[in-house]
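Got a structure for you, written out below as structure tokens; questions coming shortly.
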Amino acid sequence: MYFAGVDIGSTFTKIVIIDSKGDIISKVIVPTRAEQRKLANKIMIEALNQANLSLNEINYIIATGYGRFNVPFADRQISELTCHAKGVSALFPSVRTAIDIGGQDLKGLKIKDGKLVNFIMNDKCAAGTGRFLEVMADLLNLSLKDLGEISLKSKRKVEISSKCTIFARHEVMEKISENVPIEDVIAGLHYAIADRIVRLVSQISIEPDIVVTGGVAKNIGVVKAIEDLLGYKVLVPEDPLITGALGAAIIGKNIVEGALSRGEEIRVGCRRLEEVELYW
Amino acid sequence: MSENMKGFKFVDEVYKDPIRKVKELRGKTGRKIIGYICAYPPLEILTAADTIPFRVFGDVNEPITEGNRILPPVICSYVRSIVDLGMKGRFDFLDGLIWSHSCDCMHKGGFVYTSCVSKPVHYILEIPTTTSEEAINFFKYELMEFKGWLEKLLGREFSMDCLKEAIEKHNRQRELVKRLYDLKREDPPLITGTDTLKIISVIEALPVEEGNRILEEVLEEAEEYGSRPKKRGARLMIWGSIIDSPALLQIIEENGAYVVVDDTCVCSRQFWLHSNNPHVKTTGDLMENLAKRYLIEVKCPRLYIGSYGTLKKDYKRDLEERFGYLKDYISKWKVDGVILHSLRCCDVHGYEVPQVKDYLDMLGIPSIYIEPEYDAKTLPPLKTRIQAFLETLSQL
Amino acid sequence: MGISGQTFFIGIDIGVSASKGVIIGWGEEIIAYHILPSGFSYRLAAQRLLSELLNKAGLTVEDLSYIVATGQGSPSVDFVHERVTDIVCSARGINKLFPSVRTVIDVGEQTSRVLHVDEGGRVTNFIISEKCAGGSGYILRVLANVLRVGLDDLGLLSINSKNPIKFTTRCAVFIETEIISMIAEGFQKEDIVAGIHDSLAEKIIELINRIGLKEPCAIIGGCAHDIGFIRSLKQKLGREIIIPPQPQIVTAFGAAIIGKKSFSKS
């Protein structure tokens, strides 16, 4: 049997297909753009091709993420909070706190025995999200990928406000004008975002083991800053972007296996995919 | 048109425009309409004076424009909405308005309202924050002052006999609301949380006799109304401040859950749902009876009932004394999870949340804390959180 | 002192995204002006601005009698005689161009302000949207980026809208997501643009309400180029709004005039 999870985030859309053992047999990650419905169709086709499967061979499809209601072929929509918790637990069974730093939101998840028991979320303000770093990279004409490495070169980071992305941006311009070395400014930015993240997640009390996921988890500077502020080492999956989609697929697997064991029927949605051209 | 309707149909009809209905009644009977904003003012006094008590709500759909000019930015958006609507003339139809000193925002909001809005005439009711004998005495004298003001406004006095009659009618209403809530003890509940809010909004807009009649009709129709096919879903309790619009409840109930019981100002707290005997005594000093019962029975977090004044501290015992009635709600209504709701900047509820959460953790009941603005536009982001909470309850 | 005994004054307004400069002569007439993006260093932007201005005016730095800097980035500029807050400069600038104006609306790229000006060009009251950039022109820039058009094209886009969309996000950084999801859900471009115009106009009006409006009123800043936004603001305000011919340089102009006044006092 096969199960698919589709995670439509604000920045990236991810699909993961797993088999009955829970192993990932294909995955696709594409930037989310305006046309979510068509994008979901397109990348599903890609994921199926990768796995050498047809849509009808997938037993259950769960959509998650803020765009989860834009996936016409999904059987069910589950919140990304539940899916991330499930995905992270599958990769790190000892996890108690998961921090997902997305492109436009920040989630703290409390996990017990592989299940979500508490959560906190910021989706109102860009500070503490990937957007924060994007705005700064844009300002300084640097690529997001390089930011982390540059920040590690700093010997003396500067203090930068962590409260509002746009005000922090202004502070960066001031510091540059004062000839502060760029790596110190960038290190300051990494601590600012880490500070914001730690403040939010502390509200549900942080306990090890701590796992960090999301696009920003790829930034080694942010990860180190978080470890510095927490006083704990954190775990980062090899592919930090797919935990939501993975969790969604696993939940689909659990639903189907549960129904089969009880002799219940499984209701699925419309298994139809159109070949579509993207206009964006 | 609405004369021929009864029960649920009547509720739906009146709910569309309660202000119009109550103005109709004033036209027919000549009874003045006195607005009130909080669960503390004893409605018995208003009924005895032959007025129509009208619970004033804000409007989550109305953008706040005027109110921002004369109120500071960081205060409760519910009070801000009321002041804003008042400045726009929404409450001009009232013959009087009672502000309560239930919290600083209400209190100061009342001051601002009275100086910036010309209609209607108002009274600010002072309410103690403890239930000692002195406090009860103080409240009794405050109520007598209030009675005097009301009589001057109406140009006539009312007797203790009228008050006794009024008390009996309101006692009956509290009884009936209890029975209304009992309908939700079924699984699935015979009426939803949204239904409850609508029914209560309507009875809070009408005279007590009308309200009682409607409740009796609804109770009669309940079996049939509730027998329509419904899926079973998570049974939730909502604890918190002002929820006077169904918008939030709809988001919750659209996700397949039911709000089977609440501990909120507009609904259960106004009718002393937790009390085994919500009857005010009709013998002896009636004003004192009212003062005592209202002060003790309205479960507003502004009032601290706990280990205040004791010499030995015991956190668990304190929590039990303050929130024990929630345990009853949870067991009677078979609650699966609790939503803790506090409007942004609500001191009264905001301070209470961590301890209510501790109490619920003690009981092993899952809970989630949401802090919306009093503004319909800010509710959609809550959908994800509520959906996630329901998923944790269903053990996904 | 400069060529043939003439005196020149410079006002530079270093904003978060654009830096503007004006050179005036003794009669307070504009000799030259220039606008350039601020980039990531206020100091460098100011230096480049100064050299561009001198170039345009055919002057050298010795010809300048007084230099005034204003704007968010002015503390980072080292070659000035005086720094003055932009509120005071805006008032002075508008008063020179339209002495009857009593309220100035300045929609910047990080903050917005509303000020009351008297007949002498003095500020009698003001309010700044400090809490966040949500009520600033930043959202117009975000919108223009998503649609891949210029700021001055936005005005033409919204004119045909019949059903402007109501936006709910307050955060200027996140409104981009909401715009993208509107496009995803198939809403018309003109309704999206009109919706953003309305959203910003409403926030500006919230600000105006807190301080009151004295007529006539004028609008300055880069957003004044977006005629769609102006249309929405005028409609919601119900009043006429004066738009100076070069709305972005009014503050720098005022700074230059203040420079001249300071110089003549000394």
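By written order: A, B and C. Residues from 1 in each chain.
Note that a residue touches a chain if its C-beta (ideal position, glycine included) is under 8 Å from a C-beta of that chain, and two chains touch if they have at least 3 such contacts.
Every value quoted in this text rests on a predicted model; they were computed, and no experiment measured them.
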- Item | Far-end chain from chain B, centres as C-alpha averages | C
- Which of A-C and B-C has more C-beta contact pairs: A-C
- Distance in whole angstrom between the CA centres of chain A and chain C is 38
- Query: Counting in whole Å, what is the centre-to-centre distance of chain B and chain C, each centre being its mean C-alpha position?
  - Reply: 48
- Item | Residues of chain A whose C-beta touches two or more other chains | 123-124
- Partner chain C, residues of chain B touching it in the complex: 63, 65-66, 68-69, 73, 377-378, 380
- Counting only contacts in the complex, chain B reaches chain A at residues 366, 381, 384-385, 387-388, 391-392, 395-396
- Query: Which positions of chain C touch chain B when the two form their complex?
  - Reply: 131, 166, 168, 202, 205-206, 209-210
- Note on the structure: Per the touch rule, the chain C residues reaching chain A in their complex are 16, 38, 40-44, 72-73, 75-76, 110, 132-133, 138, 170-174, 177, 180-181, 183-184
- Using the touch rule from the top, collect the residues of chain A that touch chain C in their complex. 10, 32-37, 67, 70, 104, 123-126, 131, 135, 139-141, 164-167, 169-170, 172-174, 176-178
